[in-house]
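A, B, C, D, E and F are the chain letters, set down in written order, and residue numbers restart from 1 in every chain.
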């Protein structure tokens, strides 16, 4: 499938969220074209997951902590990514199930045209399951938004 | 993040759906532990996307075409993966927006315990956007289910 | 579980939609306290399912065909019942999967207090599955609304 | 409506969840073909409802407490059933509304073909409403999944 | 767009929830045809928002506090309005984001036909955003239901 | 409720979508601070509604027809607004119900801080109902997004 984008920020976000450091090494060349960071959240509260991503994005200067505009762009990218993680499941209160998520945030200019500007990709990868270690399976989520 | 699973079928499905043939080469050793296939669907109808995955899974003997049980397992894995692709968006009728999706189906035994048996992972990766080429961004979805 | 309602219109709707004529015979005494009708829809289009229920309700004088108010009450009861049938699944265009649904509409006064007036229950029972006969499983949905 | 299944595990689950002991007596012959249990949950927290069903299923040996695979099958059947109970309503935190639910879990072999194996049905029946006794109406949910 | 309704209770609810007292003055003539009240909720818990509207409706005699029927009609109008406020976003536990909502409840007879009776409109208007003042944007929701 | 925004683009969009020309006159001063346009869509297909808004936005130069970025911002604002119009209802294929919607698009700089830049508001107002004229009630939706 040909991508009309010159840089696939979503694919890069997924790789950063998923691969071991050693595996990620292979894609180091592609990663030079974007800014990115990664983090972890083992919380069972979705609000804490959202906070962890926002904090990480600001601390790593992927978004400005002075502009609501950038927090807004990130927030909706996170929400879209969480749809993939939750897959339409009813969620209520704290989730009780174990959640172990690694996340990646990638900021870059995916399109050839200069004016398309910068976009954000947020990826989650991890496990969700019963509150007993090992009783869980993988989950993924990807969200994309324009920013900047 | 330590995985309590010995084989990450979801991660492998993501890589098969997302990477170029050349990039996938690097993971060929890990892919020996599972059965998998891949395909494409450029349809704008979600039902045709579902059909394309089911047909591909049966043609490549990833699921039995004799057992509803296995079609049922695959169908719910596809639905979960499509939640990630659609990200909670309202969908009505044919989608009009361009959809270009590559999919991967992986079947394997992710857990150490023999009795946990086989599981399926379905991944979609591609673009969704306005009906003008280039006016689209990446989307991804992963679904996991027990089977066999 | 004690019901604070004197007549369980939802339970009756479930029984009418689900039981064979012979089995339903046993509940004939309870059914004397309400008005009800039943019907079938084998359509794969959700709009045709909705129409079939509305038509049946009007033809059997369970709701007035002169008042939008009563059509409105029925419509939302149908929508709630369809949530149970679809179980949060993404639906797009015609559903392609086989759908064979029996429905029941019950109108009655469930509460002791006279002023609580009449309420509607709509129940669906049937199968949804792959477009091959036999490759499907049961589905059920119940919706309740105030009316009249 | 002819059922291509020899045993309607969903219908049986609904009857077990709904009928009085006396009414259920009539279906005792049909219930011999399946394994089943029932329970109650008066909690207003959805997570506690899920836990109550899982605990009941394991205590009554309807699913193995040793295999994640079986907990996974049950969990998704519960989630599907809860969609019918909640009917698409926004849920946030503890629900505050009264919830009084009776549930039934049925495990059996619905299909003629031996290889289709065992399936699970989870049914909920009860009331949801304002936090004042009597201010509530009936709700139902049914979920079905392959298992074993 | 011609309205086949003689009184647009939804539009009036929107105006009451949205306009300043001074701006609302202009519509005072139209507001004479309906009963209405307004209130505020700054809570971050959706259940507290729902409670605030119900309490206000009963205190201002817009619905009877003796009839579940009327609470039921209001409850579903509130839920519909909250869909507009939340816009399909995943909600879990307390929302953490700042929520400042003004609400309006309007009760009236929108249709020419006497028998169409009374209907309710519930409108929310306010802001939702990051937990820092100023980092938020507007949100709106309207729900309509038959009552009385 | 104090708004920390200097211009309430969402409120203006709702007023433009809802008020008669005469009523809107009153707000002409406030409307000088933003760019806006309005339109109508009587289609029963959601995709045609989306197209109508996008076409109107481009024809009236509210968004650039050269930048995907701006179409993307508008598209998500439309989707959010449609959530309010549909209120969580299951939608499948063409909706069959009558839909008569007026829409407004407002572009402006809501925040005091210059760097927060431009934002879009999309509002829908109209009726949705049974396919008989008069059998319908009002519906509203508002979506907001950053742009430019």
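FYI, a residue touches a chain if its C-beta (ideal position, glycine included) is under 8 Å from a C-beta of that chain, and two chains touch if they have at least 3 such contacts.
Given the structure is predicted, the values throughout are model-derived calculations rather than measurements.
Undergrad: Counting one step per pair of touching chains, how far is chain E from chain B at the shortest?
TA: Minimum number of steps from chain B to chain E: 1.
Undergrad: Just send me the rotation angle from a CA overlay of chain C on chain D, rounded to the nearest 5 degrees.
TA: Between chain C and chain D, the superposition angle is 180 degrees.
Undergrad: If I list every residue number at the interface of chain D and chain E, are over half of them used by both copies, so same, or under half, so different?
TA: different
Undergrad: Taking the mean of the C-alpha atoms as each chain's centre, how many Å separate chain B from chain D?
TA: Each chain's C-alpha centroid was found; their separation is 29 Å.
Undergrad: Could you grab the centroid distance between chain B and chain C? Build each centroid from C-alpha atoms only and quote it in angstrom.
TA: 35
Undergrad: Identify all positions of chain C at which a residue touches two or more other chains, and write them in rising order.
TA: Residues 68, 72, 79, 83, 86, 88-95, 111, 134, 136-137.
Undergrad: Select the category (line, ring, star, complete, other) that matches the graph of chains linked by touching.
TA: Shape of the chain contacts: complete, all pairs touching.
Undergrad: Which residues, counting only chain C, touch chain F once they are in their complex?
TA: 45-47, 50-51, 54, 68, 71-72, 75, 79, 82-83, 86, 91-95
Undergrad: What does chain D use to touch chain B in their complex?
TA: Result: residues 66-69, 72-73, 76, 111, 113, 115-117, 146 of chain D touch chain B.
Undergrad: Give every residue of chain B touching chain E within the complex, in rising order.
TA: Residues 88-90.
Undergrad: In the complex, go through chain F and note every residue touching chain E.
TA: Of all residues in chain F, those touching chain E are 1, 3-5, 8-11, 14-15, 18, 23, 26-27, 40, 80, 83-88, 100-102, 110-111, 119, 121, 123, 125-127, 133-134, 136-144.
Undergrad: If you look only at chain D, which of its residues touch chain E in the complex?
TA: Per the stated touch rule, the residues are 89-96, 129-130, 134-137.
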